[in-house]
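Following this line, the structures themselves.
In what comes next, subunit A is part of two complexes: it sits with subunit B in the first one and with subunit C in the second one.
Up next is the complex of A and B:
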C-alpha cells in the first residue's frame, strides 16, 4: 500500500515536472518569437526604434505647443470641423444600421433550425466569412475609384464588413433562442417572416442591440480611418491639416480633440447602454 | 370595476406597443432618408464612372498585349500591358504577330491588322479599313456606307473597337490591343528562360532551384515582396496583440477593485486605459510614424498601444469577476501574494484572456492591413500602391485574394489554438 502511494507520488511529481518543463519550453519559445519579431520589425522599419524613440514626443509636442499658443482659435476650429465630425458619425451610424438590418436577415438564414430551407445555411455562412475577412479599406478604396471620394464608399465598405461581423454574432445568439415560440407560431400557420419577427427577434433583441452598439463604437473608429485614405469626414480633414504641417497643427490638435472626445463619449454611452441591456436597469452604477 | 380598469390599462398598453412597433421602423427610415440627403446619394449616379468599372472588371480576369508602331520610324514594340517589364525583346514576337516590312497582327476570328506605312484592318463581315498616317492626318478610308458606332474617326485620330481587340491610329502612333484571359506572366516574365514552357517540361527539366528562383524574383508580380508584405502584416498583428496582452495583464490588477483597494491608483490606471483606447489606432499610427518612420515596427507599436487599453479594460473586468473562494483556499495553505495570484487567479481568468487575445489576433490582422495602408508597411501598402496606379487591377485582385486568405488562415489558426489551449487544460503560460 505504502509502496503504491510512493509510486503515485513519484508518478505525479514526474508528470508535474514534465508539464513544467513543457510550459517552460513553450514560454522560452514564445519569448524568443517575440524578440525575433521585434528585431525583424525593427530591421524592416524605415527608422529604427533606438534612433526614433527619443523623438516620440516631438510631434505631439509641436501639436500641443501650436495649439497652446493659438488656444483662442480652438473653439472656432471645433465649429469649423463639426460638420465633418457629423459626417464621420453618420457614416458609422448609417453603416451600422444597414449592416445590422442585413446582418439580422443573414443571421436568420445562417442558423440551423431557423432558416426557411436547410441548405441555405452553409452558403450564407461562407458569404459572411468572406465579408468579415475583407478589411474595410479594400472595398473603400475600390469604391472610391468607382464612385469618387466622399462618404458613400466608406459607408458601403463599413456596412458590408458589419454585415459579416454582426451576421455571425447574431446567428450565435439565435442558436441559443428557444424554438418553442417559433413552433407555437408555426402551429397557428404563421409565415416564416412572422415566425422570425414575432417568435425569435423579441427573444434576442437585447443581445442584438448590445452587439450593434459595440459595432457602432468600432465603426466610428473605422470611419475616421477611412476618411484618412480619402473617404470624407473628419479623417480627411485630419490628413489635409497634417500634410500641411507646421502652421496648421493647431487645427490638427482641434481635430484630435474632437475625435478623442467623440470616441470616448460613444464608448462610455454604449458601454452604459450595453450594461443596462445585459444586467437590466437595477444594477445602475454597479460598475465604475 | 377593477376588471374595467385593467381592461383600460391593457388597452392603453396595447396602443403604446402598437405605436412603438411603428415608431422604430419609422425612426430608422427617417434616419436613412436623412443620410441619403446628407450624403447626396441622388447625385451618385452622375459620379459613377462606368469606364472605370469596365476597366476594373475586365482587368481582373484578362490582360492586353500592346503592339505599337511609331509611324515616323516604323519601329514596332510589343509589350504586355504596355509595361516595360512585359516588353518583348527587339525582333521577338508572339506567334500571332508576324514581324516584317508589313507587320501582320492576327487578332483571331479573321480579324487581321497590317502595320507599315499603310495600316489596314480587315473586319470580317464589314470590310477593310485602311489608313495612311502622316503629317496631314491619318487619311482613313472606310468601306462605303454609314460609319458604325464602334469606329470613332476624325481627321487626326481613328479608333476601332471590336470584340477581338482595338486599333488606334494617330498621326504619330499606331497601336493594337489584343485581349487575353488570365493573369499575364504570373509565373515567369518574358526574359526568363522558363517563359512559355509547360508544366510537364518544367518538371522534366529538373532545374527546380533555378525555376523557383525565376518565379520568386518575377519582376511583374514580385512574389518575394508580396510574401514579405504578408509576413510583415501578420507580424504586426502578432507583436501588437501579444505585446499588448503582456503589458496589460499586470497593469490590469491595479485597475481591478478586488485587488487594488487604493481608489486613486485604480482611477489613474483606468483613465490611462481609456486614454489609450480613445486616442485610437489611427492617431497612434500618425504619432509613431513621425518618430519611427513607416514600417512594421510603427504598425506593431500602434496596435500595441491601442490594445493595451482594450485588454486592460477587458482583463480588469475579468479580474473583478473572479471567484474569491479559490484564492481563499490557496491563502489557507499559507501562500504568499504572488503565489495567490499565480494559482488562485490566473487559472480562473486564463480561458477568458486567451479567447479574447486570440480573437483580437484575428481582428488585428485586418487592422494591420489598414494601418499598413496608412503607415506604409505590409500588404496594405502594396494594395494601396496597386490601386493608386489605377491600372494594375489584376494585382489588386491578387492582393485582395491573398488578404482574404490571410485573415481566414489567422481566424482558423486562432480558433485552433483557442481550442487547444483552453480545452486542453494546459493553463497557458
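Up next is the complex of A and C:
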C-alpha cells in the first residue's frame, strides 16, 4: 500500500510539472505573439503609434476644457438634446424588445436537448451566426437607401443584430438550465411550448433579463452611432457638434454626459430588476 | 479551550441563535442536534466567522475570535476547518488540488493562482487521502467522485489545514448509510488519533449517541440540552425536537444497525 501511494505521489508530481512547463510555453508564446503583432501593426500604420500617441488626449482635452469654461450652459444643452436622446432610447428599446422575443424563440430551437427536433439546432445556429456577422451599420445603410432616413431602418437593423446576439447568449444560458423540471413537466403530458415556457424560462429568466438589459445598453450606443449615417436621434446631433473647429464641443460634452447618465440608469435598473427576479419581491419580516 | 458567551445572531426580527453559552475544556467530539432551523448551522458558521455574530463572544485559547478582522480573521479560519453538507469542493479541479486548498492561508496568492504548491505539500495531501482510503482517486476531478468520496476529500482538505477545531455542518446528511458510516468513523478517528476538537451538526440522534462524547441540543435558537449521550433520554430528545410521544428514535434513524435492533 505504501509503495502504491509513493507511486501515486510521483505520478501526480510528474503531471503537475508537465502542466507547469506547458503553461510556461504558452505564456512565452502569448507574449511573443503580442509583441510581434504590435510591431507589425505599428509598421503598417500610416502615422505611427510612437509619433502620434501623445496627441491622443488632445480631443478629449478640448472637449473637457470647453465644457468647463461654459459649464453654466450645460443644463440648457441637456434640455435641448433630451428629445433626440429619447428618440435614440426609443430606437434601442424597440429593437431590444423585438430582438429579445425573436432571440428567445431562436435560442430554444438552437439548444441541444431542448429543441423539439434534433436537426433544427444546426440551421438555427447558422442563421444566428449570419445575423451577428453582418454589421448593423450595413443593414441600416441598405434600409435607409430603400426606406429613406429615420428611426425605423435603424430599429430594424439593430433588432436583427440583437436576435443574433441574444439568441446565442440565451441558448448558452439554456444549456446550463436543469432538465429535471422539463422532465417533470413531460411526465404530466405537457406540450413542447408548455415545457419550454413553464419549465425552462422560469429557471433562466434572471439571466435572460441581465443579458437583454446589457444588450439594451449596447443598443443605445449602436443607435447613437447609426444617427451618424442618418437614422436620427442623438447620434445626428453628436456628429454635428463633434466636428473640430465649430466651437460646439461643449454641446458634444453635454451629449456624452447624457449618454453616460442613460447607461448608468439602465445598469442600475438592471441590477435592481435582476435582484427582484432572483430573490422575489422583499417580503417584510422574511428570514434572510 | 473554546468558550461561547451569550452568542446571538438575528436575521431581521428573527433570532437564529439566541444567547448560546458553551464551554469546551479539552478537545472532544461534540454533536449538536436539533430540528432544521434550530440554529445549528448558524452557530457553527459563527464559530468559523463565515457569519458574523450579532452579539456575544467566541473565545478560543484566550483570544477573542469575534473581534478578528482581515488577515487575523482568515488566519483563525485556517485553524478552524469547516466541512459542509454539500462538500463545497471546486468540482472542476482535481482531488489533490482541492486538498491543497487547505494550505491557501499559508501560501502566497500569486503562487496558488498558478497552482504552484511545494512538492512536500503534494506528498502530504496524498498521504492524507491515503489515510482516508481514497488515494487512488488523487488525479481525478472532484466532480467525478461519489458523494461519500467527495466528503472524504473535504475532510482531507480540512486535515490539510492542520486545524485545532474541525466544524462539520451536517456532514452525512447527503450520504447513504454506508458512506455516512465511513465519514463518521473518519471524523471519530481524526479526533482520537490527532486529538483535534470536532464539532458536528447531526440530524439523527443515534449518530450523535454513537460517535460523540458530548451532545448539545438546540431548539428555536437556544441551547436546551448539554450533556453526555447517556443523559440524553427519549423524553429529553422529544423536548429537543418538539415532538410528541409518537416520536421514536428508530423511526428517524439512517443507521443500518437500527434495522437489526427493530426486528431482533
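Throughout what follows, the second predicted complex is superposed on the first by the 191 of 288 C-alpha atoms of A that agree within 3 Å, B and C clash if a C-alpha of one lies under 4 Å from a C-alpha of the other, contacts with A are read in each partner's own complex, and residues count from 1 in each chain.
Please note the rule applied: a residue touches a chain if its C-beta (ideal position, glycine included) is under 8 Å from a C-beta of that chain, and two chains touch if they have at least 3 such contacts.
Everything quoted here is computed from the prediction, not taken from an experiment.
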Partner chain(s) touched by A:198 [first = subunit B, second = subunit C, both, neither]: neither
Which of subunit B and subunit C A:26 touches, first, second, both or neither: first
First, second, both or neither for A:9, with subunit B first and subunit C second: second
Touching partner for A:277 - first (subunit B), second (subunit C), both, neither: neither
First, second, both or neither for A:74, with subunit B first and subunit C second: neither
First, second, both or neither for A:186, with subunit B first and subunit C second: neither
Contacts of A:42 with subunit B and subunit C, given as first, second, both or neither: first
Subunit A residues contacted in one complex by subunit B, in the other by subunit C: 23, 288
Subunit A residues touching subunit C - in the complex, by the definition given at the top: 1, 4-5, 8-9, 11-13, 15-16, 19-20, 23, 285-288
Contact footprint of subunit A on subunit B as seen in their complex: 28, 31-32, 35, 38-41, 44, 47-49, 52-53, 56, 228, 232, 235-236, 238-239, 242-243, 270, 274, 277-283, 286-288, 290-298, 300, 366-367, 369-370, 373-374, 376-377, 380, 383-384, 387, 390, 396, 400, 403-404, 407-408, 411, 426-427, 429
Parts of subunit C lying in touch with subunit A, wherever the complex brings them together: 11-14, 16, 96, 114-116, 119, 122-123, 126-127, 130, 135-136, 138-139
Subunit A - residues contacting subunit B, complex: 23, 26-27, 30, 33-34, 37-38, 40-42, 44-49, 52-53, 55-56, 58-60, 87, 90, 93-94, 97-98, 101, 129-130, 132-138, 141-142, 145-148, 150-152, 155, 221, 224-225, 228-229, 235, 242, 256, 259-260, 263-264, 267, 288
